[in-house]
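Notes for the one structure printed next.
So that you can tell them apart, the chains are marked A, B, C, D, E, F, G and H in the order they are listed, and the count of residues begins at 1 in each.
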Amino acid sequence: MELTVYLAGQIHDNWRDQVAEKAKEKKLPLHFVAPQTNHDLSDRIGEDILGKQPNSIYRDDAASSVNNLRTQVLMQKSDVVIALFGEKYKQWNTAMDASTAITMGKPTILVRPESLIHPLKELSNKANVTVETVDQALEVLAYIFE
Amino acid sequence: MELTVYLAGQIHDNWRDQVAEKAKEKKLPLHFVAPQTNHDLSDRIGEDILGKQPNSIYRDDAASSVNNLRTQVLMQKSDVVIALFGEKYKQWNTAMDASTAITMGKPTILVRPESLIHPLKELSNKANVTVETVDQALEVLAYIFE
Amino acid sequence: MELTVYLAGQIHDNWRDQVAEKAKEKKLPLHFVAPQTNHDLSDRIGEDILGKQPNSIYRDDAASSVNNLRTQVLMQKSDVVIALFGEKYKQWNTAMDASTAITMGKPTILVRPESLIHPLKELSNKANVTVETVDQALEVLAYIFE
Amino acid sequence: MELTVYLAGQIHDNWRDQVAEKAKEKKLPLHFVAPQTNHDLSDRIGEDILGKQPNSIYRDDAASSVNNLRTQVLMQKSDVVIALFGEKYKQWNTAMDASTAITMGKPTILVRPESLIHPLKELSNKANVTVETVDQALEVLAYIFE
Amino acid sequence: MELTVYLAGQIHDNWRDQVAEKAKEKKLPLHFVAPQTNHDLSDRIGEDILGKQPNSIYRDDAASSVNNLRTQVLMQKSDVVIALFGEKYKQWNTAMDASTAITMGKPTILVRPESLIHPLKELSNKANVTVETVDQALEVLAYIFE
Amino acid sequence: MELTVYLAGQIHDNWRDQVAEKAKEKKLPLHFVAPQTNHDLSDRIGEDILGKQPNSIYRDDAASSVNNLRTQVLMQKSDVVIALFGEKYKQWNTAMDASTAITMGKPTILVRPESLIHPLKELSNKANVTVETVDQALEVLAYIFE
Amino acid sequence: MELTVYLAGQIHDNWRDQVAEKAKEKKLPLHFVAPQTNHDLSDRIGEDILGKQPNSIYRDDAASSVNNLRTQVLMQKSDVVIALFGEKYKQWNTAMDASTAITMGKPTILVRPESLIHPLKELSNKANVTVETVDQALEVLAYIFE
Amino acid sequence: MELTVYLAGQIHDNWRDQVAEKAKEKKLPLHFVAPQTNHDLSDRIGEDILGKQPNSIYRDDAASSVNNLRTQVLMQKSDVVIALFGEKYKQWNTAMDASTAITMGKPTILVRPESLIHPLKELSNKANVTVETVDQALEVLAYIFE
């Protein structure tokens, strides 16, 4: 039984690679998918495909429509969702993806630092499990196969 | 035909009262529900009901469980959801409520200032309508009855 | 038992008023809802609410987002859908509304002239009942109460 | 991860072959399905199977019942839907398929020429992404795998 | 709390009137709906509305499309379904209505004579409750209010 | 906005009357429904309606089919579910009702004494809120209206 | 793309073998499943597993519970359902299976002789396609792959 | 066709190994999944991953969140559920898992000793099949492939 795991969260460092590497070390039968992690590409994909837009509002809307289609396809294929919050950035897409996953009935693991306990308390309460590190999230996934 | 409208968003000023008042002026058959707007009560409701918790993490989790039940009841009763983002605060509950509503198939109006266009672009693209002021959101609701 | 009926279809004549009047004559306990029938308002509602858009594409998208929210609210409230096709216009909104209704499990009556039998054959086959006049559609509704 | 893509739209030229060929060139792991593209067969399949019908109305209804079963099977198997509108024909089946896909929660890409922006504005607003060429639609699909 | 009860089953005697009368005697807050009980009307409703059909096959299909719309509207409004089988007739509509109700999650009571235990054993096993008389079915409904 | 509340749990004392009385004191707009609280009637209802069964196994199955229909009707009508566990009895129906409610998306409050924390930990984690007394459960309901 | 096809209908001759053989001849990628076709086994499976029951009613109920589990597993795995009616027997299980499939959104082909057009008219109208022979049903399936 | 079977129930003896072994003997194409059967690990998994909790209540809640995620992943992957009740322990997780499975539409087999017929009568009535031994449950599964 292989599981597909959607890795929601910030795209400013390579935490997803670390997750994949550690899963490999533990020989867990996991397949990872994620939002577009190339931030620049993620912002310009609308204009890349549709051409120059009138202003930045429409540039953003064009990009987001492609990003949302991508996420919808990959999340529907997923068995579990990990949503990582860090201390920087607004991270509303992470909140959106986590909430979408929970509402769709996808088992969801929230990862957030201690400093964010209070502002994320309602989302944390709705997620299946809340942990503080991606290592802990992987331990939760490993436990499925134990 | 009366519609029930869930007003998601920050609870630091009385924007909901303004919405209700304006709806009344326009004689729109709308009934408004919302998350707990008494911030202090919202934070302490867990301990108010369950008693003193070991530390602030558990205090927060206790409160969030009651707040989430409340929101689930009221959102299931709603026909439309308005989600208001402002320039301050993390507002992850607003993102969570908007995303839950959209995933449940509730028609959803996003209200956000121009300054937040970029970080909210994916959520905005998933919402039915995005506007910049609550007055505009009310105009959208008024249009349903025209 | 009162039923709410969504009247999808062209907005270039007053067929909906005729339907409502005839229902009243027959004393059928029906409540009618419909897309925005003021064509000009329907086209400009986006700019009316959101202000001037960069060009006609964005003007159209702004209007359609408000129209779609309106339709989603009203169709979710409906018990039956009537979708009327005439000989003029592209009427893709009528096809879209009929198909949405059928996929949502809303009992659906298609009204179309004999000249459109061939191009509408698949949609007609998916609808519950296909008739040629709104009078016939009303007879179908009247039969529910017989 | 291979994706199955339903290609809704007109069946008067070989655009689907071009899509498949380009996907092959880009080495995208896509599997394409589509409505019956042999127009004549699509019109006569009812009588081919059920025998001569009393008149063209029943001939059409017989054919459409077989076509609809085919589409239902294939669309339920699909992960993404592309719906192509061209400048000719009524294309109500394309509108019907796109609307069905969107209502079923299938991620949907609309392809339409600039000339059709206004009449397709509501359907375009409901689709995930709207583009003007099938090449752009393929770029959207390619982006899922980037 | 008033409940709406759909009374599926044969339409050759006035068993539904007896049910309604007994419910009234017991002062149960029940509202009854049912398929068209005027057999002749039920068979000719298609031609009544659509006009003369080419032959009896099409006459039957026209009638059934109107009957099915009627049933779909009323069953979606119902809280409970009673399906009565008697010793005569094929009663495939009764089996169809009972099975539809069970699959939709409508609580369902099957009424059948002892002689039909064997051929109805799988449907009986899927229904919530199986009884032998409509009086017993009413006792089941009365029990909801005790 | 009146809410219907299903009160799952043991039927050996009058805790439901206390809940209803306290709700009345607090002037909460709540309507309560519950499983059959007359234990003897609940056990014999199958034979009361269907007549003498061959042995106690079939007596039990006959009763349970009527009880399950009753619960299904009432739970589908409910907006919130309270499930009370006490220190005595196996209470598998309470666990079944709570789990059904949670899986159906009904907001659910679990009430259990401190002594049952460990054996109920998984069910408690799935419920929205877990409290120790029915007074606390009522406070949760009261909070919805604050 | 291989499709799984559930073959509902009478179990008194080997029509399923003929379907499978013809599908093989046509090289269609179809996998067939079906209710238990050993009639005697189907009737006694309850007692085979659970032991002697008090009387034939309970013997039937025990058998039907096992048969229904089997059908539920196999139908959930199926992409298409064929339901065959013949001139003999009550065939309520066929009506039940066809109606369950249609309500679950499974594309469904009804096969029935001309003599049964009238009593099956409502079920026929709800099925996707109605034909008179299993050869025709196979032609419908073959058309999916053309 | 391989089926995945979730084995809910007590974790105090090796009944699952016996089931797997017997399935292997019978050459049934079954793949088994289950809750965590290492009781000690199941109780401490929360603290193993999240670290020391303030007291046993929070220790239990931490463990249950991980156990519930595990069960949700595995049950969503399952085609059939077997729920075994024994004479000891409260077994509320077994009742919870069985009820969740039934509500999700998973075909469910209940295994319970004769002594538990009365307290499990409602759950037994909702399950597809109730048997007394795991051997009988396996015979039910074997029957699917006959």
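Here is the rule we go by: a contact is a pair of C-beta atoms (placed from the backbone, for glycine too) under 8 Å apart; a residue touches a chain by one contact, two chains touch by 3 or more.
The model shown is predicted, which means the values in this text are computed figures rather than measured ones.
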item: Chain F and chain B - chains in contact with each; value: H
item: Set of chains adjacent to chain D and to chain H; value: A, G
item: Same or different contact residues where chain H meets its copy chain F, judged by the half mark; value: same
item: Result of counting contacting C-beta pairs for D-G and A-C, higher pair; value: D-G
item: Separation of chain A from chain G, taking each centre as the mean of its C-alpha atoms, in whole Å; value: 43
item: Centroid spacing, where centroids are CA-atom means, of chain C and chain H in whole angstrom; value: 49
item: Between chain G and chain F, distance of the C-alpha-averaged centres to the nearest whole Å; value: 39
item: Separation of mean Cα positions, chain B and chain A [Å, integer]; value: 23
item: Residue numbers of chain D (touch at least two other chains); value: 65, 68
item: Every chain pair meeting the contact rule; value: A-B, A-C, A-D, A-H, B-C, B-F, B-H, C-D, C-E, D-E, D-G, E-F, E-G, F-G, F-H, G-H
item: In the complex, chain E residues that touch chain F; value: 1, 3, 79-80, 105, 107, 109, 128-132, 136, 139-140, 143-144, 146
item: Chain F residues within the chain E interface of the complex; value: 4, 31, 33, 36, 38, 41, 45, 48-50, 65-66, 68-70, 72-74, 76-77
item: For the chain B and chain H complex, residues of the former touching the latter; value: 54-55, 58
item: Chain B-touching residues of chain A, taken from the complex the two chains share; value: 56-57, 60-61, 63-65, 67-68, 71, 89-93, 95-100, 102-104, 117-126
